[in-house]
Amino acid sequence: MAESILKVKGIKKYFSTPKGMLHAVDGVDFEMEKGETLGLVGESGCGKSTIGRVILRLLEPTEGEIYFEDKNISQLNKKEMIKLRRDMQIIFQDPFSSLNPRLSVSEIIAEPLIIHNIVKKKNSELEKEVLRLMDLVGLAKRLVNAYPHELDGGRRQRIGIARALALRPKFIVADEPVSALDVSIQAQILNLLQDLQEELGLTYLFITHDLSVVKHISDNIAVMYLGKLVEKAPADELFRNSLHPYTQALLSAIPVPSIKSKRERIILKGEITSPIDPKPGCRFAARCNYAMDRCFKEDPELTEVGNNHHVACFLVEEKANN
Amino acid sequence: MLIPVIIGVTFIVYSIMFFTPGDPALIILGENAPEEQVEKLREEMGLNDPFIIQYLRFLKNALKGDFGRSYSTRKPVFNEVFSRFPATLKLSTAGLLLAVAIGIPIGIISATRQYSLLDSITMVLALLGVSMPNFWLGLMLILLFSVRLGLLPSGGDVGFASLILPAITLGTGVAAIITRMTRSSMLEVIRQDYIRTARAKGVAERRVINKHALKNALIPVVTVIGLQFGYLLGGAVLTETVFSWPGVGRLMVEAIKQKDTPVVLASVIFMSVVFSIVNLLVDILYAFLDPRIKSQYR
Amino acid sequence: MSSSVTTEKDTNLKSQAGKKRSQWGEVWRRLKKNHMAMIGLIIMIILILLAVFANQIADYEEVAIKQNTANRLQGPSRENWLGTDNFGRDIFARIIHGGRISLMVGVVAVGIAVLIGGTLGAIAGFYGGRVDNLIMRAMDIFLAIPSILLAIAIVTALGANLFNLMLAIGISSIPGYARIVRASVLTVKDQEFIEAARAIGASDFRIITKHIIPNALAPVIVQGTLGVATAILSTAGLSFIGLGVPKPRPEWGSMLSDGRTYLWEASHITTFPGLAIVITILALNLLGDGLRDALDPRLKQ
């Protein structure tokens, strides 16, 4: 087995709002191996982006621990954290707001190099490194002095990737890196991310709301619903044999490019449970077609059902018992 | 929010005045007063106490409407200021009404005919309006209507005719600001989808403007009018000076010249309190006009 | 340190390829297309040049200050373009020397207000929470005092001179800038590039100076330009009621005030200084409005 690179334990992140505590992330555990891609899937507002930011300590967790290469990083001070930034980076969703409009392409890519003194103030060296990174992500040399607003979304996203790669990180949180892009460009960026992974041995936490995006690039997929993981399994296993009713509904929503295939769409009904001061019970129960009394009273735990397949559902648990 | 603001305002103004060079006792008794007499008065007035004690005493008395006595007339300051207030209120209200009466209709017309000749002329005039110091405008009006034409009185509060020039003087700048604000707000609203929808439905243009656009466009204008009231009160100081208008502003300017600190202090606080109350009313009105905003004051 | 590295690198990379088109360059191009704004800019340049070279155009002591009662209250003529005042002094000379004071007070007062108000607003916006609350509540209290009244109170307390005038007008406009900068910082702060900067390990100082301030600057520039106009008006207003620079130093507001007495016999004493104020304020307003349009992101493309 490959060695573990990241482990999160009981991560909780609550935000205080005028109406009460918003449980954005409510007890999430998972582990990632070096070189793998974990797809983290869920609808908007389910807390998936919050997890990414908590791992990078861009947000402070309310509770829980994060281990990076077996080192607990949830207590690091500012200085140690800055050092750690070299190993962990993030690619953002919106290629328009994630780049400072007042800086040129080269300035954006060079900034991490300058902050971390990676290139020792020798200008030609800095320039060479910026050009190397641009080449790595497929940006033409002539764009070196361009400004972000002069470029299209795909090129802007490449700048963001180059910035993240500048520090030669081991682990990257990709927060919906393609969902703001045109479909034709999405494929290009996904391919680039895959190539970079092979070349540089990167580990990705790939956050998305789109299961079809994550299907091809993930080794494992975790499905999240209102702050909790409901199912986690290797990618093929999940697509072949999804167990949680929510995952099944998500899968049924993926369009299939064939006129012959007639599938049953699972339409979810009911109100989404409020994430503000939620009552105990399965968060999905209110929309679940199979919900039982128990689902409204107790929290189901994420448990392994074999084949590295984990699921948090009483239905599955009861089936196994019978 | 009103009470902390008033306490804050009195604190700021009181401390500014407190650190004014010059001994109040000396000012009252005159430069050549004997030493013991000055010291006795200082003791009487509590001028030897620490700042914070003096301030708290001032605040306590102020709450009872006692702002001390004028150094020059020895009359209670509050009565002085308050007796002058109706004149200032009359002038400011006249100026504001004039500004609203001119600014809103012209702003609306200008917006509905964007880029027309009328619109251009309005915009140039409005720009001139905001660029003119009102005391100079006042002098020019006096020059034209009092000196050259002899139509209107040049000063004092002697009936309606004497109100006309000061009100125009004070209201012009605000009228210009309201015109510009109404126009831009109206233009913004007209571009909204729901206006296009109304037109597409075949609603008459007049009705589109009156029924759909106007109320939404006026919401930001109301806030501006509220803020302008402060400007009016401030501007009144200069306008009252130009027209010898017997209001709080002129009282204040006279007091400045005579180093009559209690009067200056009370005038500034008084006007600030009036301004705060107006803003509070505007906030309430705002919530009433815009159902999306719930009033914080209930 | 780090900034010098960036600039050196810039020049280095510039030789590489592609022309550098900064956003400020684009703002300037948009501004150039706006005729009204350019008229404002040209008038301002002329006024600044007149103020800078005032002594070369008309000697301060000889022409603007020295009294010549034999020549008093003269109308405009070839010798005295704008006539003379009640002491026989040349009004044109007094206006350009007065312009020095107006412009200086305007710029310095706005400078004070932007520096203090901007810093307070930036801190409030960046750190939020209790700090924000404290600063902004204090600003609300300041805003409750009409700014000209606050300025009057401060000058009355400190005494009327040039420095106190600048200080008073500057202090009384602090809250406005604090609000604008705070609002501007709040919008910028929520953008992802701030988070990106944090993710690459940038310090708070670097984030504020390199990422937030340059992006939050536009409204401050507009407000600052319009603020100079307001400050000049306030200066004239304070001088008009006798709280300006001490006489015989020429100042537009006090010239107006002096002219009042002679409105019947020699109205030009009042007219011309007033026109000087109007032209200056008009130019600044044109320029400020033009800058607002040029900097408005909604009008881009």
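Read from first to last, the chains carry the letters A, B and C; within each, the first residue is number 1.
One rule holds for everything that comes next: a contact is a pair of C-beta atoms (placed from the backbone, for glycine too) under 8 Å apart; a residue touches a chain by one contact, two chains touch by 3 or more.
These numbers come from a predicted model, not from an experiment.
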item: Per Cα centroids, the chain farthest from subunit B; value: A
item: Middle chain, criterion being Cα centroid separation; value: C
item: Distance from subunit B to subunit A - Cα centre to Cα centre, in angstrom; value: 56
item: Whole-Å gap between the CA centroids of subunit A and subunit C; value: 49
item: Whole-Å separation of chain centres (CA-atom averages), subunit B against subunit C; value: 23
item: Subunit B to subunit C touching residues, read off their complex; value: 1, 4-6, 8-9, 12-13, 16-17, 19-21, 127-128, 130-133, 135-136, 139-140, 142-143, 147, 230-231, 233-235, 237-238, 241-242, 252-253, 256-257, 261, 264-265, 267-268, 271-272, 275-276, 279
item: Subunit C residues touching subunit A - in the complex, by the definition given at the top; value: 2, 5-6, 8-10, 12-14, 16-23, 191-193, 195-202, 206, 210-211, 214-215, 300
item: In the complex with subunit C, residue positions of subunit A that touch it; value: 53, 56, 58, 81-82, 85-86, 89-90, 92-94, 97-102, 104, 106-107, 110-112, 114-116, 121, 123-124, 126-127, 130, 141-147, 149-150, 160, 163-164, 166-167
item: Contact footprint of subunit B on subunit C as seen in their complex; value: 137-138, 140-142, 144-150, 152-154, 156-159, 229, 233, 236-237, 240-243, 253, 256, 259-260, 263-264, 267, 270-271, 274, 277-278, 281-282, 285-286
